[in-house]
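What follows is a pair of complexes built around chain A, which joins chain B in one and chain C in the other.
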Partner chain A sequence: MTYDTLNLLFQFLDSFAFIVLATVGLAVIFGMMGIINLAHGEFILVGAYGTTLSYGAGLPLVAAMGVGVLVTTVFGLVLERTVIRRLYHRPLDSMVATWGLSLLSIQLARIVFGNTLSQVGTPLGSISYGPFSYSAYRVALAGIAVAVLGGLYWLFMYTEFGTQARATMEDEPTARSMGVDTDRIYLGTFGLGSALAGLTGALYAPTITMTPELGASFLVEAFVTVVVGGSSVLVGTSLAGGFLGVVNATFTNLAGTFIGQVAMLLAAILAIRLLPEGITGLLDSWREKRAEGEQ
Partner chain B sequence: MNLASLRALFDGPNTRGTSDRFWMAFGLAVFVLLCYPLVASTYAVANAALFLLYAILGLSLCVIWGYCGILSFGQVAFFGVGGYVFGIVGINLADGIGAALGLLAGVGVATLFAFVLGYFMFYGGVRDVYVTIMTLVVALVVHTFMGQTAGSEWAIGEAALGGFDGMTNIPNLAIGGFELIDTAFYYVVLLALLGTYLGLRALVNSDFGRAMVAVREDEERTELLGYDTKRIKLFVFTLGGALAGLSGVLYASWGNYMNPAVFGITFAALPVVWVSVGGRDSLLGAIGATYAIEWFSQQLSITGSEYALVVVGGLLLVTILWLPAGVAPAVADWLSEKQSSPAARGHEEVAD
Partner chain C sequence: METDNLTKNGRSSTRRAFLAAGAAGLAATAGCTGSAAGGDDVVRIGVLEDRSGDFALNGTSKWQTSVLAVEELNDSGGILGKEIELFDPDPQSDNQRYQELTRRLIQREEVDALWAGYSSAARETIRPLINQYEQLYFYTTQYEGGVCDNTIFPVGATARQQLGAVVPYLIEEYGPRIYTIAADYNFGQISGDWVRILAEENDAEVIGEEFIPLDVSQFGSTINRIQEADPDFVMSMLVGQNHTSFYNQRASAGLDIPIGSSTTMAQGYEHRRLNPPALADMYVGVNYMQEIGTEASDTFVERFYDRWPDAPYLNQEAQNNYFSIHMYAEAAERAGTTDQEAVIEELEKGMEIDAPEGTIELDGDTHHMNHHMRIGHADANHDLAFGNEQYIGAGFLREVGCSLPTDPETTQYLPAEVYDL
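Right, the complex of A and B next:
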């Protein structure tokens, strides 16, 4: 009985980490810039391949992960300068264009690296409890997911970049007229989102099969979470991640991966029905009510 | 009904080619397509049939995105469901009647699927980019589902779903015991495409079509004018699902085979590529682009090149960046400029 509860808890940690890490890069770019990056999966792919290849070349795992993040960041910055910047304020077109990018990247990865890469083994061994055992690395991922959210909170709330970025998101013309270099903020934000996607690829490289389509396995979770979370990057993503993590863990535990995904999808449809602006909208109206109450 | 009033049914402000010259070129193109099997090999005719049936899938996206402003990334979900249901019914009722019932069932289930999904989305207040994401997520979830149906418990009657290996031995489409293969199948596809094209032309130029375009242009204003925009969107989305389902049924009958790749992200992108490149508000542009892009991809694959998807992805990117309206409107503008008479606008960009 207690072992079952413990198992469910680990399942939740696993789902939560996966959902948050799969989403966070996409959420930063969507929340700040209003762009849905359909090539998000391929940013993760770049991170994972960068990590696996540099590990194969003899780097220690942590350094290899650093390389994965770096390569993805550069990839993102180059794309922002060449493609993405032309598509600001055209949300549907930006989705279509990034999808073209996605097709192109998947196939180029296949041509250059073939259908698989040799794998990095999962580090850190496992935790055993009663009849179950659990990969310690996956527990560490949950810790990292929380740390990433904390780091973003600090970045957006307590640094100059964060303040300027929030101002740009709120009202771009005003921010620009107040002296914020909004062009640089957009570039930085897109780079940050890319780096986070790269981090996700680097972190999951030891646990998933290295194929050119690996990015697609993150998309369902990432898109559903962005839809449920709404445009507020931090609060939206962490609350939606927690909520969907519970839903996903419970149903995956009961009936397998597919039912877990369907449950998430249904939860998302239900959530949009009840909260058209996502969790962000719920929080906003709650804040307004509280502000009215204080007056 | 005389010819002029018949033409009035298909001509209107929402389609480009309306001149005499256009209809003459259109008639010529249809004639060429009708004669094609007389001069081409069986293999070439089978390929042409594939491209033409894909064009119906392209049209399904063209009408909902280009004319009603709903960008669906999940048309392949209805395409795949149509094909799989056709297979299930066709395999179980093997003799004669099975394939005909399969056609009805395939299109019917795809239509119902689109209706239910559309109902929850549009009446649930899901809009804009969220609709797009939802439709894609649905396709990806069905992809996951079909991928894990490898075991023997995943069989419906005689028809095994087959997981990633797919469903084999799907029968050919047949009418009254007469199997539609090779040339006969080509003519059925051509007829279905022609019917779809003319039907959609009549639809978008009708009063309802004007309401659809109004929803695309400004949904709130249309609603304030008294139109039930949710019902309009639901109808168009369901129609798109039915057409995609029809295309899927033809596809399953064409290859006698379905697999979960039709729900995957790569195949899901293709209708978006065809319609974006052809011109999202040009029905004929969508048909022409579908045919041209698929023909080109196949030519590349035959030579052993793996670059087809790279080129297709690049083409999409280039189109969105430099020719966002697509090729067909640009061609139509160019032609009308050349003739310097707005009444004589036509676009001779024809399939094949």
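Right, the complex of A and C next:
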């Protein structure tokens, strides 16, 4: 009985970490800048390949992950300067352009690196309890996911960049008239989103198979979570990640992986039907009601 | 050396001389005939193998050995003195593209024989076209079995052959309690049925089963469910890049139950790509892997890497493409024409062929091959050892009475229709 509870807990942590880490880079770029980045999976690919290749070249794993993040950040910054900056306030165009980027990156990775890379093994070993065991690394990922959310909260709430970024996303002309270099803020935010996607790739590189299509397995989860979460990056991602993680873990544990996936999609459809603005929309309307009540 | 074996009948030096003359004549008339399809000046072979998309990892070497076989045949005079022209657009692992390209190769290029497809889904997607145009078609992937179809030659090993080699062995070695995990489409489902049939035949029991969608890459709960059931061994018919993640996750979660498979290693060379010990104690039933170490195989491997020095691996299916193209050439030579009906009639007489896996026979009645099946075992360092070699025929279709020369049909038989499951 307690073992089953532990199974459920670990499965939840696993799902939560995967959902949050898959989403967070996309959420920053999509939620804050309105760019629908269909190449999000390929940003993760860049991070994963950067990590695996530099590990293969002899770097220790943590340093290799640092390289993965760095490479993805540079990749994102270059793309922002060359392609993405022309697409702000044009969400549909951004979708087509980033989709093209995605196809391009996948084929490029295939041409340059072939159909596969030899994979880094998962570090940290396993946690055993009774007849069961779980990968310790995957449990650690849940801790990292929470830390990433915490770090973002600090960045957006307590730094000058965060304030300026929020101001720019809220009302760009006013922010500019107040002396904010919005061009630089856009660049910085996109770079941040890229770095987070790169981090996801770097963290999952030791657990997934290295092929040029690996981004695809993150993309659906990321989009579902962003849509369920709504426009606020932090609140949306963490609550939607928690909600979908619980649904996924419960049904997967009860009835297997297939039912777990079905349940998660059904939950997402229901959430979108009932909360068209996502979870953050619901919270906003609660807050407004309470404000009215106080007056 | 292998080429000589494969083509020993019917490619004499006199023919080669005749050929040279023919080729000269050909060159002279090339201007008139142009590139009009269906002309008698060349033999047209279509090869649709995935070099991009999901199955690129498995499809690329299938394409490479096809090119190799065609080049070898052309170097030794082609088929019936005619040069082989190869049509090999990349279907990109996309079933819709498979349909378009198959239609194009049959209608516009009028190919004399077609090799196409990695997955069973790709095969089933083009089978209506194959049937409609009565196209001679070779499907070379190891597969779930049961296709009894007039113009189709599924020359890869079937589930009954692959699993029939490995399941009884593992029951003997480890015990009778089996847990099956498989990809959730026709290949995985039918393979799961076969595991149950083989378990029953060997007094064993499938104590748990999970079918997993192809896009799933996270296996934490699957591993827990296996641990809960605590089987003697696991049978895994997981497929594709997402599913490959299972093995690494199994190692990091400390799941140390032996695993048997009909797919892993022999197709996607996981033992080369994954960091040991992801595949520790992994068994696979196969007719061929580049490491089997026979003389015929080593010669073949050497020639393959001479032609494709950068190729990462030469898989089971690639061998099947290679020998079946040579087999086709042999049949066309014997028939004296590339007319598809005549070649099929020739193939249906049965045929023996020296393939890299060993000398194997085509079973004319069922259009399947009798294969040399081996058990490959990976240890904690991913070093392979092979053993328990058996010669296994196309048993299932014989059981259901598939006899194509006398009784033409276009059916896929399912084990569930024949066995009590």
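Everything below uses one rule, namely that the second predicted complex is superposed on the first by the 294 of 295 C-alpha atoms of A that agree within 3 Å, B and C clash if a C-alpha of one lies under 4 Å from a C-alpha of the other, contacts with A are read in each partner's own complex, and residues count from 1 in each chain.
Simple rule for what comes next: contacts are C-beta pairs under 8 Å (C-beta built on N, C-alpha and C of every residue); 3 or more make two chains touch, one makes a residue touch a chain.
The shown structure was predicted, so the numbers you read here are calculated from the model rather than taken from an experiment.
Engineer: Check chain A with both chain B and chain C modelled on it and let me know: fit or clash.
Structural biologist: Result for chain B and chain C: clash.
Engineer: Which partner does A:Y137 contact after superposing on A: first (chain B), second (chain C), both, neither?
Structural biologist: It touches chain C, and chain B stays clear.
Engineer: Mind working out whether A:S128 is in touch with chain B, chain C, both or neither, as first, second, both or neither?
Structural biologist: second
Engineer: Determine, under the contact definition given at the top, whether A:A202 touches first (chain B), second (chain C), both, or neither.
Structural biologist: Neither partner.
Engineer: Tell me which partner A:F18 touches in the superposition: chain B (first), chain C (second), both or neither.
Structural biologist: A:F18: touches chain C, not chain B.
Engineer: Between chain B (first) and chain C (second), which does A:L79 come into contact with in this model arrangement: first, second, both, or neither?
Structural biologist: Touch status of A:L79: no partner.
Engineer: Return first, second, both or neither, reflecting whether A:T257 touches chain B, chain C, both chains, or no partner chain.
Structural biologist: A:T257: touches chain B and chain C.
Engineer: In the superposed arrangement, does A:Q107 touch chain B (first), chain C (second), both or neither?
Structural biologist: After superposition on chain A, A:Q107 lies in contact with both partners, chain B and chain C.
Engineer: With both complexes superposed on chain A, which partner does A:A216 reach: first (chain B), second (chain C), both or neither?
Structural biologist: A:A216 contacts both chain B and chain C.
Engineer: May I ask you to decide whether A:V226 touches chain B, chain C, both, or neither, giving the answer as first, second, both or neither?
Structural biologist: Only chain B is touched by A:V226; chain C is not.
Engineer: Once the complexes are superposed, what residues of chain A are shared between the chain B interface and the chain C interface?
Structural biologist: 107, 110, 213, 216, 220, 256-258, 261
Engineer: Help me check something: in the complex, which residues belonging to chain B touch chain A?
Structural biologist: 71, 73, 120-121, 124-126, 128-130, 132-134, 136-138, 140-141, 144-145, 148, 264-266, 269, 272-273, 276, 306-310, 312-317, 320-321, 324
Engineer: Looking at the complex, which residues from chain A come into contact with chain C?
Structural biologist: Result: residues 7, 10-11, 14-15, 18, 107, 110, 114-126, 128, 131-138, 206-211, 213-214, 216-217, 220, 249, 252-253, 256-258, 260-261 of chain A touch chain C.
Engineer: Quick check: in the complex, which residue numbers of chain C touch chain A?
Structural biologist: 52-54, 56-57, 60, 184, 210-213, 215-225, 227-228, 230, 241-242, 244-245, 248-249, 251-255, 272-276, 278, 310, 312
Engineer: Can you tell me which positions in chain A touch chain B when the two form their complex?
Structural biologist: Listed in rising order, the residues are 36, 41, 83, 86-87, 91-93, 95-97, 99-108, 110-111, 213, 216, 219-220, 223-224, 226-227, 256-258, 261-262, 265, 268-269, 272-273, 276.
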